[in-house]
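Note that subunit A is present in both complexes that follow, paired respectively with subunit B and with subunit C.
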Partner chain A sequence: MSKRVLLGLLLACGLSASALAQEPKTGGVINAVIQPEPPGLMLAMIQNGPTQMVSGNIFEGLLRYSPKLEPLPELAESWTVSEDAKTYTFKLRKGVTWHDGKPFTAADVLFSMEMLKQTHARARTNLAQVDKIEAPDDYTVVFTLKQPFGPFLGIFEVGSMPIVPKHLYEGTDWKTNPYNNAPVGTGPFMFKEWQKGSFIRLVKNPNYYEKGKPYIDEIYWQIIPDAAARSVAYETGKVDVLPGGSVENFDVPRLSKLKDTCVTGAGWEFFSPLAWLWLNNRQGPLADKRVRQAIMYAVDRDFAKDVIWNGLGKVATGPSSSAIKYYTDDVKKYPYDPAKAKALLKEAGYKGEKIRLLPLAYGETWQRWGEAVKQNLTDVGMNIETISTDVAGGNQKIGDWDYDIAFTYLYQYGDPALGVGRNYISSNIAKGQVFNNVEGYSNPEIDKLFADGAIATPDSKRKEIYDKAQKILVEDVPVAWMLELQFPTIMRCKVKNLITTGIGVNDGFKDAWLDK
Partner chain B sequence: MLRSPSGVIGIIILLLAISVAVFGPLLFPNSPWRMVQRPFLPPFTLSTVPLGTDALGRDVFAGMIFGARVSLLVGLVSTLVALVVGVPIGAMAGYFGGKVDDALMRFTEFFQTIPSFALAIVLVAILQPSIYSIVASIAVVSWPPVARLVRGEVLSLRTREYVQAAVVTGQSNSWIILREILPNALSPVIVLASLMVATAILLESSLSFLGLGDPNLISWGYMVGAGRTVIRQAWWITVFPGVAILISVLGLNLIGEGLNDALNPRLSREGR
Partner chain C sequence: MLSFVAQRVVKGVVVLLAIVVLNFFLIRLAPGDPAVVMAGEAGASDQVFVQQLREKFGLDKPVPEQLFIYVKGIATLDLGFSFRQQAPVAKLIAERLPATLLLTLTAFAISLVLGIAFGTFAARFAGTFLDTGITIFALIFYAMPIFWVALMGILLFSVTVDWLPSFGYETVGANLTGFAHVVDVAKHLIMPAMTLGLFFMATYTRMTRASMLEVKRLDFVKTARAKGLSDAVIQRRHVLRNALLPVVTLAGVHAGTLIGGAVITETVFAWPGIGRLMYDALLQRDYNLLLGVFVTCSVMVLIFNLITDLVYRLVDPRIEFAA
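== the complex of A and B ==
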C-alpha cells in the first residue's frame, strides 16, 4: 500500500469519525430533577420556575433566543419591522399541528394574546404598548404598537408568551378546563402522565415539524423533595440532569468531580438573575445615601462569589446584569473597602442604631450568605439583627416595607425596559407587592429616563439614556447590588446539546440527544 | 455526692463547660461568625484554627466556645422557668386536692398529650426564632413532669403527722406548703432538674439543627445543622459540636445519677 493511499485512508477515517461525533443519535430516556414540584403545567396561567421548566417542552412561543439574546425562529419562521418601528409582521410556520392533530394557525396566536392579557401578569404588561393585533391570513400576524417599543422582539419566549390551542380553550372556563391537567401544545414533547409527588412523564411528539427532532423518546421529571436526596439520586444514577438550583451549592464541586459529569453555567442569559439587597430608603439610617454607599463598600462580594457560590456568577456593577442589553460598567465602582465604609458611616453620623436584616429562605446557600453579609456589616460597625422567617413571611414583610435590609434576586429578561426599570421607577411603589420598587426610591430624573428609554429609537439613543440611568442609580445606591447569579446545570456528559439557547433547560430538550 | 465516682466526673464536666462558657469568650474576643481562614480547612493543620474552619471559613473552635454559652444558658434558664411554673402548680394540686387538683391536672395533661418536640417547634415558629422564644417554648414543654412529680410528693407528705400538727396549730396554707412540705419534697425535684437541663440542651440543639435557632447566636445545634449538608466533604464541622453536645448531656446525666445516690442514702446503700 502506497503512503499516499494510507494517508488518504487515515484522513477519511478521521473525517468520518468527527462527522459521527457531531451526528445526533435518536432514542433514549432522560431522567431529570424538577424542584420543587410544579403547582400545575398550564403555562398560560401558571409561571412558576418549575412549571416553565417542564411546560417549555410542551408549549412553544413565537420566538426563542440565543445566548446573546438574538431572536431565533420558533413558531414564527420570519419577521419584519416597519420603518417607523411600530408595526411587527410575523410569518408563521406552516404545517404545524397541535398534539391532538388540529392545525396551528394565526387564530391561535390571536386567541393566546387575548387569554394571556387576562391570565399572565408579565405578558399583560409587555402587551400594554400594543394597539392592535391582526391576522391578514392564516399564517401572518401583525402587531401594531401605540409607539415604538425597543424591547418588543424580546417578549415572545415560551414562558413569557406561550401559544395555547384556541380550539380547546375558546368559550370554556379557563380555570376549570380539563386540558389544564393534560396540556396540549405544539412543542417537541407531549404530556403523558403525572404521578403527584413522584414524576412527570413527557413523550416524544412524533409529528413534530422539525424533521428528526426531538431525538429523545421520553423525559421523566423526577420529584425529590430533599436536597441531599437529590444529590444521592444523581450519584446513584437515578437521574441524569440536575437543573440549576436543584442541589445545594456546597454539593456542586463534589458532584462536578464525579466521573462522566459535565457542568455548565450557561442557559440563564435570557433570565439573567441578579441578586441584591433591598435597602429601605424610607426610614432610619438607610435613608442616608452615604450609609447605603457604605454598605456597598462593606460587603465582600468576591468572597460571596468564590466561597458561597463556588466561583459561579459575577460581581454585579449596578442595576443591570452584564448579560442584558445596554449594560455599562462605566459607573462608580464599589470595591471591598471596609475603611471607606467606616468613614462614610461616620460622616453620615451613624451611631449604632439597630438595622434588621432579612435573609432569603431558599435554603442553605442563602442562609450562609445572610450570615456572611451580617458579619461584613458588623465589621464596619453596623448593628445588625438577623430576622429569620420562611418564604411567605419574608415576602409579606418586604411587601409591607417592614424591613431595613432584605435579600432578593430577580430575573431581568434581557432588556432594561422589561426587567430593570420596574424596580426603580416611582410609579412602581405599591405596598403589598414584592417585586416592584419596594425600596421606596423616588427620583423624577430616573422616572423620565426609563420612560424615555422604553420608546426611544434608534438603539444608540436608547443606550445613551440607559447609560445615564445606570450612572445615577449606582451613585444613589437605592439597593445594594450583589451578584449576577449563575445556576449550574449538572448532567451526565452523554446528554448532548441540552443547553443551546439563552433560555437553557426551559426549552432545551428540543435539541438534546443521548450519546449511548 | 463526692463519694459517687460518676457524680464527680459529671461535676468536673459541668464545671469545665461552665468555665468555658464564662471565660472562653474573654480568651477569644473575635466573633465566631467572622470569616478568618479559607473555608473547609481541616482540623489540626493550623494552630490558629485548631479544629478547622466551616463552609465560610469560620473558626469551628471559636464556634464551640461561644456555642457552650448559648447551650448552657438555654438549658439552665429554661429549666429554671419550668421549675417556677411546675413546682407551684404541682404543690397546689397536691395540697388542696379535690376540684383544684382536678382542674390543675387536666390543664397539665393538656400539655402532656401533645408531643413535646412538635409543640416546641410550633411555638418557636409562631413566636419567630429568638433566644427568648426558644427558652419559653422549652419551658412550656418541660414543666408538666415537674408538676406531676411535685404533686405526688406533696400528696404523700401532707398526710404526715408533722403536717397535720401544723394544720392543727393554725398555720396558714402557704406557710405549710413553703416551710413544711416543699423542703422535704425537693430532693427528687433536684434530680429531675439536672436531667431536665440535659434535655433542654438537646431540645435547643434540635431546634437549631432544624434552622429554628436564634439567627444572631451561634449554638452547637446550629453548627451541626449547618454542617450537615457538607458532612461528606468536611466531617469536622458537625463532629466537634456533636461531641460537645454528647459530653455535656452525659455530664448532666452523671450528675443526676450522683445526686440521686446522695439524696437517697438508704436507696444507694441498699443498692451496694
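== the complex of A and C ==
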C-alpha cells in the first residue's frame, strides 16, 4: 500500500521560523480576560467558547491547524492516509506525560474517542464516519472509515477532539468525577486554582514535551462580567490580553489607540464565524424566494461592517466564509439596492404583513445591528416588529420555528462538510433544536451535493461539488448572509506569538512569550 | 418570647415551602430549555445530544415528579446538582456567600449609619441650608441608577486618579496574606460598598428625616421640653427612638433582600457574589442553581424578618410578643 505522507513537522518548523526572528524570553505572567466565566473546564464534557479558551492550554488534541488550516502535529507527530482514503494512521509522540506524571499512550486516545461519542455532540457526528479505531501498539492509532470522508484530518483540534486521561476517568461517573474541577491534561499549562467569579490560574507545565515551552510561567484568566469594566481593566493595566469578543466592538478603536497596544484579527480562520439572518422559509411572505432576495438587497451590509463593526470583518458572499475550503465568490451578488428590493417585494405581492425580527441578545453591538437591519427593511416597505428576548428565550423561539427573521452567527470549522452543510440539508430539519436547518429549507439537489461533497475524492471533485452548492444556495437565499465576523484580539505589544495557529487564542498559549 | 420565636419558625417553614413550589413553577414558565442552551454552547444540537442532556437534568421526568424530588432534597438540606457548572448547588452558593455578605453587610452598615445620621441632622436643622443640602445629596444618589454611579466611580477613582481598583475582590496574583490582604480587600470593597450603600442611604435619610419631623410635633416631646430636658437628650432619647420604627421596618425588608439584591453592583465591579451567580443561572436556565439561590434568599428574608420583629421590641418596649 503506497502512503501519502503529510509532512506536518515541516509545517511546524515553518511556523516557528517567524517566532525565531526574535529569541523568545522565558518567564512572566499573562493576565487575560475570559468572558463569560466558563461553567467548567472539562473540555470533553463542556464545549462552550470560554471553556475551550482556558482548557485549550490544559488539554491537547492530536493535531493543530495553521492559519491556512493545514494540519500540524500536536499529540500525533505524524500521520499517513491510505490510498483508498479510508485508513488514517497516527503516530503518537513518545515521552508525553499527563500532568500527574502518568505516561500518555494510544489507550488514552481510544478511551477519549469512546467518551467523546457520548459527551461531545460535534465529535460524535464526526466519529460517525469511523468504522473502527485500533491501537496496534502504544504509540499508534488507526482510524478506519466506513467511506472516504474529505474533512477527516480537520476534526482533531483540541476543542473538537480533546484527549482525556483514561486512568482518571475510566470506570468513574464522568459527570461527578472530581477531576472535572481540577482537570489533568497533557498541555503546556496545568490547572492550579479557580476562585469562582474572580479568576482561573494556570501554571507552566515543567515537564512539557516541547523543550523550552511554554515560555510563560503563569496565566491568570480574569472574570469581569461587565463589558465596560473589561475595557477599564485593560486601560488601567490590570489585564494584558482581551481575546476576540471580550469587549464591545465600539470600544475596539479607542482601546487599539492606547500606548503599547497591538491588535490582530488572526486566529479565527478555523472557526470562521459567519453571521446571517435566519429566514423562516415555511410561512408568510418569507416563503417566497423573491422576498428573501429582497432582504439581501435591502440590508446595507457595508454600513453594518463599517459602522456597527468598526470596519472589522467582511461582507459575506454566501454560505461559506472566504477563510474555509472550497469557498467561491463566483455566485450571484447582492449589492445594497433598496430600489431593487422594493421591486422584488412588489413582484412577490408583499402587502405589509407583519414580520417578526429577533435580534441576538449578545450585548450592545448586536442590539445596534438589530436596529440597523430593522431600519433597512422598514425603508423598503417591510413591516418589522422587533421581539426582544434573552439568549435562552430566543433559542427556544428559533428552535420552535416561532420567528420570521432572527440573527445568528455560527462557526464553520474549516470545511463545508463540518460547518456549512448542516444548516441547509433537509435531514437537519428537527423541531426543538437550534443551529441546524431551522429555516426549513429543503432542496433535494442541495441534500445530494452536500452528501456527495463529504465523501468525494479527490479535492478537485469536492471543489466542483461545493461550487455548485454555493451557487444554488445564493440564488435561493434560504438565509440572508451578512458578515464574516472578525473578533479582534487586543493585547499589550510585549505579548509575542500569542496567536500562531488558525485556532488562535483557543489553542492555548504554548508559543506565547513576554518581551520584558 | 421563646414560643413567639418557635411559632415564627414553623410559619417560616410553611412560607418557605410555598416559595419553593411557586418558584419551581415560575422558572419553568420562562421560555428557554436548559438542554438547548447547553447544546447551543456546544456548537451542536442533534436530537440525541439534547435528549441526553434532558435526561441528565432530570427534565425528561413529569413536572410533579421533578417537584417531589426537589422538595425531598430540600428537606434533607440538599439543594441539588448544577449540571451546567458540574457541582453541587450548595457548594456553589457557599463559595459565593462570604463575598456577598461582606459587600452587602458593609453597604448596609454604611447606608444605615449615614442615613440615620444625615436624617437626624436634616430634621434637627429642618428648613436650613444644611437640610436642603442633605436632602439634595440624598435625592441625587436615590435618583441615579446604580450602574451609572458605579461606572462614574470607576471613571473617577480608577481611571482618572487611580486610587482604587476597578474590579474584583482582591488583587489577582498578588498572593497577599495577613494585614496586607485585609487592606487589599478593603480597597476593592470601597467602591462597590459605597455605590450600593449610598443608594440605600438616601432612603434612610429621607425616612428618618420625615419620621423625626412627625414625632417632634407630638405631645410627649412638648412634655419633655417642659420638663426642662436638653435639646440633645430630647432628640436622641425621645424623638429619634420613636422615629426609628419605620426605619427598622424598612431596614428589615432591605436586609433580607441583600443577598440577591446586589446583581448590578456585583456585575459592574466583578464582585464574586451570589447576585452574579443568580444572574448567570437565570440566563442559562440553570434551574437547580436558580432555585437554590432563591431558597437561600428566602431563608435570609425570613430570618431578617424575625430579627426585625425582635428589634422592634428593643426600640419600642410597648410592643409585646403575641404568642
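Before moving on, here are some points about what is shown:
Throughout what follows, the second predicted complex is superposed on the first by the 494 of 516 C-alpha atoms of A that agree within 3 Å, B and C clash if a C-alpha of one lies under 4 Å from a C-alpha of the other, contacts with A are read in each partner's own complex, and residues count from 1 in each chain.
Heads up, the rule we're going with is that contacts are C-beta pairs under 8 Å (C-beta built on N, C-alpha and C of every residue); 3 or more make two chains touch, one makes a residue touch a chain.
Note that this is a predicted model, so its numbers are computed, not measured.
Taken together in the superposed arrangement on subunit A, subunit B and subunit C fit without clashing.
Contact with subunit B, but none with subunit C, is seen for A:308 once the two complexes are overlaid on the shared chain. Contact with subunit C, but none with subunit B, is seen for A:223 once the two complexes are overlaid on the shared chain. Of the two partner chains placed by the overlay, only subunit B lies in contact with A:387; subunit C stays clear of it.
Of the two partner chains placed around the shared chain by superposition, subunit C is the only one that A:48 touches, whereas subunit B remains out of contact. Contact with subunit B, but none with subunit C, is seen for A:374 once the two complexes are overlaid on the shared chain. In the superposition on chain A, contact is made by A:248 with subunit B only, not with subunit C. When the two complexes are superposed, the chain touching more residues of subunit A, out of subunit B and subunit C, is C. Between subunit B and subunit C, the minimal CA-CA distance in the chain A superposition rounds to 8 Å.
On subunit A, the patch touched by subunit B and the patch touched by subunit C overlap at residues 228, 389. Note for the complex: subunit C touches subunit A at residues 30-34, 36-37, 39-50, 52, 56, 81, 83-87, 92, 95-96, 99, 151, 154-155, 158-159, 162, 165-170, 172-173, 267-273, 276-277, 280, 283-285. Contact residues on subunit B toward subunit A in their complex (touch as defined above): 31, 33-35, 39, 55-57, 128-129, 211-212, 215-216, 226, 229-230, 232-233. Residue ranges on subunit A touching subunit B, taken from their complex, read 227-228, 248, 250-251, 253-254, 303, 307-308, 359, 364, 367-368, 370-372, 374-375, 378-379, 385-389. Subunit A contributes residues 29, 31, 36-37, 39-40, 42, 45-49, 118, 120-122, 124-125, 175-176, 180-181, 195-199, 201, 218, 220, 222-226, 228-229, 232-233, 235-236, 238, 389-393, 395-397, 399, 410-411, 430, 432-436 to its touches with subunit C in the complex.
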